[in-house]
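Order of writing sets the labels: A, B, C, D, E and F. Residues in every chain begin at 1.
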Amino acid sequence: MSARSIVPFGPQHPVLPEPIHLDLVLEDETVIEAIPSIGFVHRGLEKLVEKKDFQDYVYVAERICGICSFIHGMGYCSAIESTMGIEVPRRAEYLRTIWGEMSRIHSHLLWLGLLADAFGFESLFMQSWKLREKILDMFEMTTGGRVIFSVNQIGGVKRDMDSDTLKLFIKIFDDMKKELTALTKAFLNDYSVNTRLKGVGILTKEKAHELGAVGPMMRSSGIEIDTRKLGYSAYNELDFQVITSPVGDSYARTEVRINEIFQSIEIIRQAAQKIPDTELSLVVKGFPSGEYFMRAEQPRGEAIYYVKGNGTKFLDRVRVRTPTFANLPSMLEVLKGCQLADVPTLILTIDPCISCTER
Amino acid sequence: MIKIVSTVLYLVFAPVFGGLLAGVDRKITARMQGRKGPPILQPFYDIFKLFSKEAIVVDHLQNLFVIGYLVFIIFTGCLFFYGGDLLLAFFAITLAEIFLIMCASSANSAYSSMGSQRELLQMMAYEPMILIVAIGFYIATGSFSVGEIITSQTSAIATTPGIFLGYLYILTIKFRKSPFDLSTSHHAHQEMVKGLTVELSGRTLGITELAHWYENTFLIGIIAIFIINATWWSWIVALAVCALAYFMEILIDNTYARVKWKVLLNSSWIVAFGLGILNLLALYYIK
Amino acid sequence: MTIMNFTKTILKNLFSKPATTKYPFVKKEYPEGTRGKVEIDIDSCIFCGICSRKCPPNVIEVNREKKEWKIDPFGCISCSACVYACPKKCLFMNQEYTAPAPQKTTNTFTKGE
Amino acid sequence: MTTQSITTISNENLISEVIKLKDEGYRLVQICATTVNSEYEITYSFALDYEFLCIRLMIPEEAEIMSISQVFAPAFLYENEMKDLFGIKINALSLDYQGNFYRLEQKTPYKNQ
Amino acid sequence: MYFVSFLLLFPVLTAVLLFFAKGYLAKKIIVITSSVVISGMALIFATMNFFTLSNRFYIKDAEFVNILFLIIEFVIMCYLIYLGIRFKKYYVSLLSLVQSGILFWLELSGQAKTEHSFNIYIDKFAIIMCSIIAVIGCLICVYAVGYMKSYHQHHKEYKDRTTLFFPLLFLFISAMFGIVFSDNLIWLFFFWEITTFCSFLLIGYTKTKEAVTNSFRALWMNLIGGLCFAVAIAYCALKLHTLSLHTIVHMGAGAQAVTIPVFLLCIACLTKSAQLPFSKWLLGAMVAPTPTSALLHSATMVKAGAYLLIRLSPLLAHTVAGALVTTIGGFTFLATSLLAISQSDGKKVLAYSTIANLGLIIACAGIGMYEAVWAAMLLILFHAVSKSLMFLSVGAVENSIGSRNIEDMHGLIVKVPALAFVMLIGIAGMFLAPFGMLISKWAALKAFIDSNSILLIIFLVYGSAATLFYWTKWLSKLVAGVHHSERKDNQAKGCEWFSLLAHSGIMIFLCLSFPTISRHLIEPFLSEIFGYKISSIIGDGNIQIMTFMLCMIFILPFGIRVLTLDKTSKQKSSYMCGINTGDDRKFVDSLGEKKKMYLSNWYMEDLFGEKKILLPSIIIATVIIVVLLVIGIGGAL
Amino acid sequence: MSFASKSPWLIHYDGSSCNGCDIEVLACLTPVYDVERFGVINTGNPKHADIFLITGGINKQNEEVVKQIYDQMPSPKVVVAVGACACNGGIFKECYNIMGGVDKVLPVDIYVSGCAARPEAIIDGVVKAVALLDEKSKSISQGR
């Protein structure tokens, strides 16, 4: 006999760092239906290719999103490089890998903090973000920016990391591991956190596949796909396992992401050892023509960078399919039947990046 | 005479005490999170600011209810510090809370109303334990009257340790601290936005904050009367216990995720049963 | 599963120095290479306008006649595209960022005779 | 890098082709439209594990196509997007935002004006 | 004596008049006049006896009355048997036959001719009950005059059977007076059966399928109680050789001889008061027009059970029968309070609340301590007024907004402010601090503690929590400030409105005057039945505090006006995540269109739903009754 | 004595920014920058806020949202535009769905530059906003 409440959730809502809107239909506090609305952040930057040449567009590409910035830049550059048949110097590829993995650590820590905040564990949020600041400092040391690096360019990278810096970073990461372990314990073993994560928002393997989930969202449902295994950048020379978890609930998604932080540290360590000494960048001649779908693994999952050139300096089309866009249907799936209190947690467990999604 | 003095002292100093407590709380919380934190006097700055802001409401009824909330919270505290009837004090504070709930739902706003429903749920969760506290005092000391409770020969806690712990448990709800800050939270990021207080701003928010300080003083007073007996040193012990209890609340606030409403309801009722009712049974058995 | 396993971290934080910087009371030291705001060594500038064309948000204006180099610091995205592009290397990134202000201003550099 | 195969198919074969892919276990990766002269080139990308393939439609501006959201549920997002940005007419969408997916000031900005 | 006869006979006369009255106006005039007369007389009677009343007995031997009763009883039995056969509810016929049979056998065989003395007994308790029944009952009748007219305008599908309806109401009131005044158990039983019969007819008023089913349910459940009653009478007559309630009560607690009849009477009371496992009949009674529900729920019918139990309470202290009554009462309080949470139909919530409060009253009576009985009596008093007020206002709301669902009362304070205020007073009266019910709860709690009954404490603390929940959520629904465009007309006019206002007035008057009532009516009665001087239950200090709180509540709105707080605040639209469409009601939804926001209360169906806990509670209650009956009667035999 | 400056509560809304500024705004609350030192609380609710921090440019869809939030804040209130996009649209100002900076729809009081705006810049911006808040508060109390 319960009546149903109809309330708006977002776009302005304190648990949502970015605007997204849901029409929630609630029974008590059980979500019966959730219809999403996006478009609050839509800028239309794909159309900017008509105004910026393919080299300048790198600056736009990395501003698709401030969190995934680096890999957006890299993905775009790689796509262009593929259409032009440019072989990027290995050192540049290794540096891209290292920055990319650092981005992953920073993004996952940021996500952990936001997740903690969503389930009301403020000190855990603070702790995660305190750790994240160290990574940001490392970024600033090597790229000159905290969130947007501007180091990618077609044909390579602009800045280098010397061996001392790399050693220093490895040491910082080693120190960080201890704190990370304490954090991990709180996320994975604490009773109250477990009540908020375990069994909440289960996405089965079949559903994950059907709804086209990507990244940690998919891997935590037991599907073993990680586009880094395609071997772009330097990943073909690095050894790592795809991290999965079979359960598919919020807890599994947390577990997968935390393990990926440790994995990323290992990848950086390997890369720092193997990094060859070549030049950083090639001089690019000519204009891109032809098309290419570049698949890169963002912290949030597989991103697709599609470029289509016509032999002039302006591209015909750039399209970015970001992981969050692919994960939205999964989010709606897990939202059904959850509690209102779970809504922020579940929105966060797909690790949404709305500004990526809407471009 | 002493009764009137203590009532007046409460009226005047409860906000000061409550505000300082909030300030210390925020400072300690910040330090626990590795931050420097605001100045101790920050809550006072906040409340003065709130009273100087433009008053906006969604519905004029809000003003009525929010004042009702304040008045009855103060009334409860006065009743308590006057040495009056504990059970009546609990009834009065319930009335005050109901005013707050009506205030929130009179705004007819989504998050405010949802907050009021949650607040109601919280009340339902802690109500059994609150009543058991009063019953425990009655059985332990033979009276509902605070005046008689604090002059009894032995401390109430000697025979009601379970009830004391149960009270501390629900105190987390009353202080609106994690894991039980469902209806409105001191922390910003909540699915309820600010729950109950979403539609309160400026003066009305200031009033709720003030009422909250009065209420906290009263609630801590109840911790104290568990300890206080006819001897003078029991007052000092009581002070220490209150401080420790509050510190524990801050610690718990910082080491728990916010639970969901079912956990809140179930656990509070189970605690009321496991600690409260069993303690009462034991009391009957001793007698 | 444990309860309150974060207590150790919390208490450690409580009894150690907070991580908070003293900014703005103590100035922050930026690492080398931090991208703050763009400045120009106007005397070496040849007013070729490459920086203006390369600038992604189009905030640089170069006026060859007036020998004027203008930038809107509030629209600048600190990407240093101009710095890389400058043939005379007279543009450089200052570590300081543009201070917040109640009005948007334009920084104009004019080459003296 | 894996090879990228793009098969161009005709408008009528879309659904049957898509159902075939679904039966083979592919998942939808993305749908993308491009304006080529006065035609739309719509590319549907699918993946099975690390394999990646695309099928492509070339349709005139006024043509209507069937939605594949009945086969691949997540397609509704991409198709609404195409509808809003390009003005492509899509039938039988599982959740049709009626052109309010992005709520743009300038309708169908990618359409050839 | 004259007063008593008048109060018993005048309503019957009115009923007869009403039966033959033609036209609505005539009925209206008759109802209003006799209501004024009845309540006036009852009040005069009460005032006369307010300070001074030594208990009085009346009507010694009245053979012709007994015969008259016998005849009426026979007619009713025949009618019920006929109905049972016609509707194929043979158990009804059987029950009716058996219980009346016992009575006939008793009377005709002369077994009932004990050396008993008086048939009528008046004491202060009777005075209280009589005033409640007269005033509340008559106000309900007055309300019904206005209500039934609009009821039939709204419900064209039902046949207008008010010719039967109004006489039944007055008959009912008369029967209630009879129950309250009778000392002879046979008389008491007769009136008892009349209420059962009248309620059966009233519940079946609309003659829909549901109404018929529910009325038969009410009938058979009450007939079970009647059967127990009849057996108890037979037992008293045969074994104790007395049929005077007064005498039986004075045999004292724990007397072996009275155990069995007391048990049986308790069961009868439990059925009449709709306690678990017999609650369903009262819930079914909701199908009847609102005045019927009000009448059954507030001052009459269910109160008959509570009344008799209070009479019996000295016999119940520390006995198994007492334990049975308190346990069932307490358990019912808890279970139905929880059940009320999951309901959104206003009348259903009220029904559960009635059962719960009756449970509390009965638990108090069962303890048999004077504080508990004091609490029970005050609960009867306050519950009668506020519950009646609630029912009538729900009825008025239903006529005004077309629904009695609590969800639809969202923003009633804007939609129909006058009714909302009346309802606020009613709800406040049901559970809020300075109003009457809570002071009784305070006393009940104290009595429960003193009686060392941990079980009752459990029932009370958890039950109160649930009570708080479902009332407050109703309150919060009422006060929501919706847009002024949703304003509706108050359909309660004339008679209905007068009745509502009178109720509110009585409510407030009682809150202010209950110390006096307690001192002059309740305490003397308690002193008398418990045999020693009762000191005042609640301290003067606490009474002053309560009064002070009450005053504060009423001063508050004026205080705000004086401080002009509401004038200085500016109105802004409510927070809706930044997407409200200019007003507080709609937001821009995901599809870019305007969508109406809707706020619903919590019902927690999966925790407290009827599906979840109704059946288990009935089973538990049945088990409790069976076990305690076996223990108790086994011990007595 | 005005207390407005001692307890500036802020609300943050992400216009159409790329997240860069948003996470920097959030970073300001965290241990290393801890703006609560100045009494700042991130309220997330316009009715409690004194300072409105907007990141990102304005487009058709969020124009109304931003206006409403501003309208629902009690005065005195201050608007701070954080980052190049909020100042004038930044790199996106040529996009078809960007109307420009925040000043297209609201009176902006403080502009904070940067892409993304550094936490130090945001702190400076807030400190300036606070001073402004004090002024506004004074002028309101004089205006009474």
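Methods note: a residue touches a chain if its C-beta (ideal position, glycine included) is under 8 Å from a C-beta of that chain, and two chains touch if they have at least 3 such contacts.
Just so it is clear, the structure is predicted and the values come from calculations on it, not from any experiment.
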Touching chain A and also chain F, the following chains: B, C, D, E
Pair joined by more contacting C-beta pairs (B-E or D-F): B-E
Relative to chain D, chain with the most remote C-alpha centre: E
Maximum centroid distance from chain A, chain identifier (CA atoms): E
Euclidean distance of C-alpha centroids - chain A vs chain C, Å: 26
Geometric centre distance via CA averages, chain E-chain D, whole Å: 68
For chain C paired with chain D, centre-to-centre distance based on mean C-alpha positions, whole Å: 42
Centre-of-Cα separation between chain F and chain B, whole angstrom: 34
For chain A, residues contacting two or more additional chains: 5, 7-8, 11-15, 29, 35, 39, 42, 44, 47, 59-60, 63, 123-124, 126-127, 130, 133, 145, 148, 190, 192, 358
Multi-partner residues of chain B (each touching 2 or more other chains): 30, 32-37, 54-56, 110-111, 114, 188-189, 193, 198-199, 254-256
For chain F, residues contacting two or more additional chains: 13, 30-32, 34, 37, 42-47, 59, 61, 65, 69, 72, 90-91, 94, 96-97, 115, 118
Pairwise chain contacts under the document criterion: A-B, A-C, A-D, A-E, A-F, B-C, B-E, B-F, C-F, D-E, D-F, E-F
Chain A - residues contacting chain B, complex: 5, 7-8, 13-15, 29, 116-124, 126-127, 130, 190, 192-193, 195-196, 339-344
Touch list for chain A against partner chain D, complex: 35, 38-39, 42, 44, 47, 82, 209-212, 225, 227, 229-232, 291-293, 295, 302, 304, 306, 308, 316-317, 319, 321, 325-326, 328-329, 358
List of chain C residues in touch with chain B within their complex: 4-7, 10-11, 13-14, 16, 18-20
Residue numbers on chain E that touch chain A, as the complex places them: 342-345, 407, 576-579, 587, 589-592, 595-605
Of chain F, residues touching chain D in the complex: 59-61, 96-97, 99
